[in-house]
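The following pair of complexes shares a single chain, subunit A, combined with subunit B in the former and subunit C in the latter.
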Partner chain A sequence: MRNVLPILTIVLAILAIWYASAIALNAPWAYDKAKRANIELSATDLVRDTWSQKKPKLPVPHQVASEIWDTTGAMVLSGRGFSKRSLIYHSWVTFSATILGFALGTVLGTLLAVGIVYNRTMDLSVMPWVITSQTVPIIAIAPMIIVVLNAVGISGLLPKAMISMYLSFFPVVVGMVKGLRSPDAMQLDQMRTWNASAAQTFWRLRLPSSMPYLFASLKVGIAASLVGAIVGELPTGAVAGLGARLLAGSYYGQTVQIWSALLTAAALAALMVGVIGLIQRVTLKRMGMA
Partner chain B sequence: MSDIVISAKDLGLTFQTGDGPIHALKDVNLDVRQGDFVSFIGPSGCGKTTFLRVMADLEQPTAGTITVNGTSPEEARRARAYGYVFQAAGLYPWRTIGGNIRLPLEIMGYSRDEQARRTADVLELVELGGFEKKYPWQLSGGMQQRASIARALAFDADLLLMDEPFGALDEIVRDHLNEQLLKLWDRTGKTICFVTHSIPEAVYLSTRIVVMSPRPGRIADVIESPLPRERPLDIRDSREFIEIAHRVRDGLRAGHGDD
Partner chain C sequence: MGWLLGAVAAWLIGWQINSRLARRPLSRATAFAGPVIFGLTVILIWECLVRGLDISPVLLPPPSQIIQTFGASLPLLWRDFVQTVVKGALTGYVLGCSAAVLLAVAIDRFPFLKRGLLPVGSFMAALPIIGLAPILVMWFGFDWQSKAAVVVVMVFFPMLVNTVEGLSDTGAMQRDLMRTYAAGYWKTLFKLRLPAAMPFIFNGLKIATTLALIGAIVAEFFGSPTKGMGFRISISVGQLAMDLVWAEIVVAAIAGSAFYGAIALLEKTLTFWHPSQRGRM
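Moving on to the complex of A and B:
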C-alpha cells in the first residue's frame, strides 16, 4: 500500500493542472459571452462558467465523468445499455475489431518470425519490409485498405481488423524472432545429440523458450491494435465505434464527447494490457520462467 | 578389433579465425575400448572439449579420421549411440524432472509406457526416485546435474560423453557424485569419456587418463590406471593414487613448458 500515496499525488496534480488549464483555455469564450450580455464577470463567475460550458475548448474532468456516466452506467440502469448512443456499444464495436486484428497480427507475426528464424532467404529479405511497413503513416494506409477491401466486397469488421493487424504484427515479429533465437548453443547442441528434427526442436525448445518475449510483444501489440481499430473507424463513414465517436465529436465541436471517448479508449487499452499481463504472470509462473 | 568403441587416427581440427588459424587438435591418436572410463585432462585450450565434441559430431575434424562404434560420428549420432552430458544441467524449467528425462525419449519416439518405465529406472539409478514430479528449481545444483545424467542414460546408449559435468559444483557434492558415477559405470558397464580439469577427479574415476596439452591441442600422455574397479573414496590417500596423480601433474607441466 506504500504505492498509493505517490500515485494519488500524481493524480491530484494532473487534476489540478487540468482544472487550471480549463479556466485559462475557456476564459476567452466566457468573457466574450459576458461582453455581449453586458455583464461584469467576477472571479467566481469566471471559474463557474469555464468549468460548465457546453462546448468548451477543454472540458473539465467532472464534465467528462458525467458524460461517460450518462452514456454508460445511466443507460444500463435505464435498460438501454447497448443502444447506439451508449459508449458500451461503441467500445464493444472497437473492442471486437481490436481483438480480431490482434489475433490475426499475432498469428501473422509468429509465422513471419518462424520463417525468418528457419529460412535464411526470409531472414535477409523479410525484415527490411517489415520495418518499412511501420514507417508508412497508418492514417495514410487505412483509407486505402478500406477502399480496396470494399471493392472486393469485404466490409464491416474485417477491414478495421486488418488495420489493427497491420500495426500489431510488428512487435510480435520482432519479439518472436528474438525469442525463437533465445535458446543458447548448448541447448541446441543437446537437441542435436538426440538427433531431434527441426520440428521437434521448434515445439519442444524454441517455442517454449520464446514465451517471455511473446508476452512482452503482445502487450505492445494489443495497444497498437486498439490504435489501429480507432484509426480504421475514421474513414469508414463514422458509423460506430470509439473512432466514430471521436470523429462525430470533432464534426460538431462536442469536446466533452471527444474526451469521454478518448478516456474510454485509454481505459480499454489499460484493461486489455492488464489482462495480458495477468495471463503472462500465470503462464510464466507455471512454466518456471518468472 | 570389435571392442574398440572410439578410434581416432591422426585427428586434427583447425578453426579459421580472424587472427589466423587455431589448431584445436593436432595428430591425435587414441583408441577407447568397450567399458573403459577415459578421462581427458588438460589446461583450457588443450582441445579436450573439442575432442569430445568431435566424437559427438558437434564439430567436424579437418584432418585424420575418427570412428564411433565403427561408423562415422554422424552415423553414430543419428543412431543415438551416445548420451552427452554438458557442463550445465540444462534442464527445461517448464518441464518436471520426469518431463525432462522423457524429453529425449519423446524425441526418439518411445511409447508412453516405455517412457514411464525408463524414466523411473534411470531416476532410481541416479538416486532421484520420488523427484519425478518436482521442477528443476526445486532441486539443488548437484541433484539437477544428476537428473541431467539420468536424461543422458534414459535411452540406454552404451557410450556416455561427459563434458566437465561436475565443474560447477562444490567439492563435497562433487565427491559424492563421483562415487555415484563410478557405481553407475560398474553396474551398467557403459563406456565413458569424461572431460575434467581436476587431477583427483580424473585419477579417482578413470581406467585410463589422457593428458592433453595446448597450442596445438594434442595428447601428451596416456596413463593406464592400476587402481581396482572397486574404489572407495579413501583410495585417494593410497600410494598408487598419489603416484598416478604425480604422473598426471608431470604430464600437464611438460605440456605447459612448450609455450
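Moving on to the complex of A and C:
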C-alpha cells in the first residue's frame, strides 16, 4: 500500500507528458488550419484545438477515453453491445483466440516438461531447441501459418490460437522443468522410503511443488499469448479483433481508433494477468505454500 | 511409400543414437551432438514426409528446396537483412537499451520515484507494446527510422526494470565497505553497483535481443519501403512463394541466434566472476 503515492505520481507525470506532447505534435496542423482560415491563434485556442482534432498525430487521453466509451459502454446502453463496430466484440474475438492458444500452449508445455524431466534423451536433444526456438523471431512465421492453414481449410480461431500457443508454450516449458525438478534429494528419498511408485511421486510431490513456478510462467505466457493473437490478426486483412482494428486504423489514419484498440489490449492484458495472479494466490494459499 | 519408410527409419536411427548418447556421462561433446542430431533428424523426416505424402510446395516446401532458394536469392536476402536487422533492430536496440540504463541510474537516486516506476515499468513490460507499431510508423515514416522507434519502445521497459533491480542488488555490508574507503556516489556506482548489476543488465539485454527482432519485423507489416524481412515475408505469402518465406525465416533464425549468442558471449567475458558463470564450460 505504501507504493500507492509513488505510483500515482508516476502515472500523473505520464499523463502530463502525454497532454504536453499532444500540443507539440498537433500544433503544426492547428497553425496550418488557422493560416488558411486567416485567423490568429491565441495560446488557449491552440491548446483547445490540439486537444480536440479529428485525426490528431497524438490524441489526448480524454479523446481516447470517450472513443472507448462510445464503442463499449454507450453501445451496450443502446443495446448493440455485440455489434461489429463495438470494441467488446473485437476484444472478445482476440480474447477467445488468446485463451485457446494459451490453454493449448500450457498443456503442450507441461507435457513437454514432463517428458524432459523423465526422459534423458529428450532432455539432451529437445531442451536446447526449446531455448533456441525463442531466440528466433518466430512471429515472422505468423502470416505464413495463417495462409497455409487457410489453404487446407482451417480458418477463424485456430490459426491465431496456434501462434498464441507457440509464444506461450516456452515460458511454461522452462518454468515447469525447473518446478518439476525443484524437490530436493531429501524429499525424493522420503518418497522412496514410503515405497511410492513413479506415478505417486509425480502426483504427490513433483507436481505440487512445481505450482509456484507454473503460475510465474503462466503470467508471462498469457501476455505473450495476447501478443501472438494480435499479430495473428494482421495478415488476415483486418476482419475482426483488436489487431484488425489496429491495422484498419493505420490504413485510414484513424489515430483515435488505434489508440483505443491499443489501450483496450493493454487493459485486457492487465485483466488476464490479474486473474491469473488471483488464482495463484488462492491456490497457493489452499496448498499452504503462500 | 519409400519416402515414408525413410521418415520412419530416420526417426528410429536418430532416436537410437541420441538415447545411446544420453546414457553416457554428460560431456561437452554429447551436449553438442545431441541437439545437432535431433535437428538433422527432424529435417530428414520433414523432407521425407513432404515427398512421401506429396505435399504441395505451396503449403510446405521441402528443406532441399528452401536451401536452393536461399542460395539463389542471397543478394535479396542480404538487402533485407541490412534494412531490417542492421538499420532497424540494431539501431533501436542500442538506443533503447542505453536510454533505459541511463534512466535507471538517474531514477536510482530517488527512492520515491523508484518505488513508483518499478511497478509501472513491470506493468508496461507485460503490455502488448507491439501495438504501438502503426502509430510509430505514422510518426516516423515508412523507412527504418520507424522500425528503430518501435524497437526502442519494446526493449525499453524490460531493460529499465532489470537495471533498476540490478542496481539495488548490493548488500549493506558491501556499501559500508565502500563508505569506509571514502568512496563517493560515482565511485560506488562504477566500482561496486554497476558491476554488481551486470548479471541483471545482461538478462535484460538477452530478453531485448528477441524483442528487437520481433519489433523490427512486425513493424514492417504496417508499411515499409520495398525491402526488409517483414515486408518480404508478407509480400511472398501473398504470392504463395513459400520457399522465399522460409528462406527469410532461416535468415531471421540465424540473425536471432547470432545476436543472442553474441550477447551471451559478452556476458561470459564480462561477468566471469559471477557464481552463475563460474564452473561453466
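We adopt the following convention: the second predicted complex is superposed on the first by the 284 of 290 C-alpha atoms of A that agree within 3 Å, B and C clash if a C-alpha of one lies under 4 Å from a C-alpha of the other, contacts with A are read in each partner's own complex, and residues count from 1 in each chain.
Throughout what follows, a contact is a pair of C-beta atoms (placed from the backbone, for glycine too) under 8 Å apart; a residue touches a chain by one contact, two chains touch by 3 or more.
Predicted model only: the values in this text are computed from it and were never measured.
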| item | value |
| --- | --- |
| Contacts of A:Trp259 with subunit B and subunit C, given as first, second, both or neither | second |
| Contacts of A:Trp194 with subunit B and subunit C, given as first, second, both or neither | first |
| Which of subunit B and subunit C A:Pro208 touches, first, second, both or neither | first |
| Touched partner set for A:Pro137, first subunit B, second subunit C, both or neither | second |
| Partner chain(s) touched by A:Gly153 [first = subunit B, second = subunit C, both, neither] | neither |
| Subunit B versus subunit C as contact partner of A:Val273, first or second or both or neither | second |
| Touched partner set for A:Pro128, first subunit B, second subunit C, both or neither | second |
| Residues of subunit A touched, compared between subunit B and subunit C (which is higher) | C |
| Interfacial residue positions of subunit B with respect to subunit A in the complex | 56-58, 77-78, 80, 82-84, 86-88, 90, 92-94, 103-104, 106-108, 135-137, 155 |
| Complex interface listing, subunit C residues touching subunit A | 15, 18-19, 21-23, 26, 30-31, 34-35, 37-39, 58-60, 112-117, 119-120, 123, 126-128, 130-135, 137-139, 209-210, 213-214, 217-218, 221-223, 229-230, 233-234, 237, 240, 242, 245, 248-249, 252-253, 256-257, 259-261 |
| Subunit A - residues contacting subunit C, complex | 2-3, 5-11, 14, 25, 57, 120-121, 123-126, 128-129, 132, 134-137, 139-141, 143-144, 147-148, 151-152, 219-220, 223, 226-227, 230-231, 234-235, 242-243, 246-247, 249-250, 253, 255, 258-259, 261-262, 265-266, 269-270, 273 |
| Touching residues (chain side subunit A, partner subunit B) in the complex | 186-187, 189-197, 200, 204-205, 208, 286-289 |
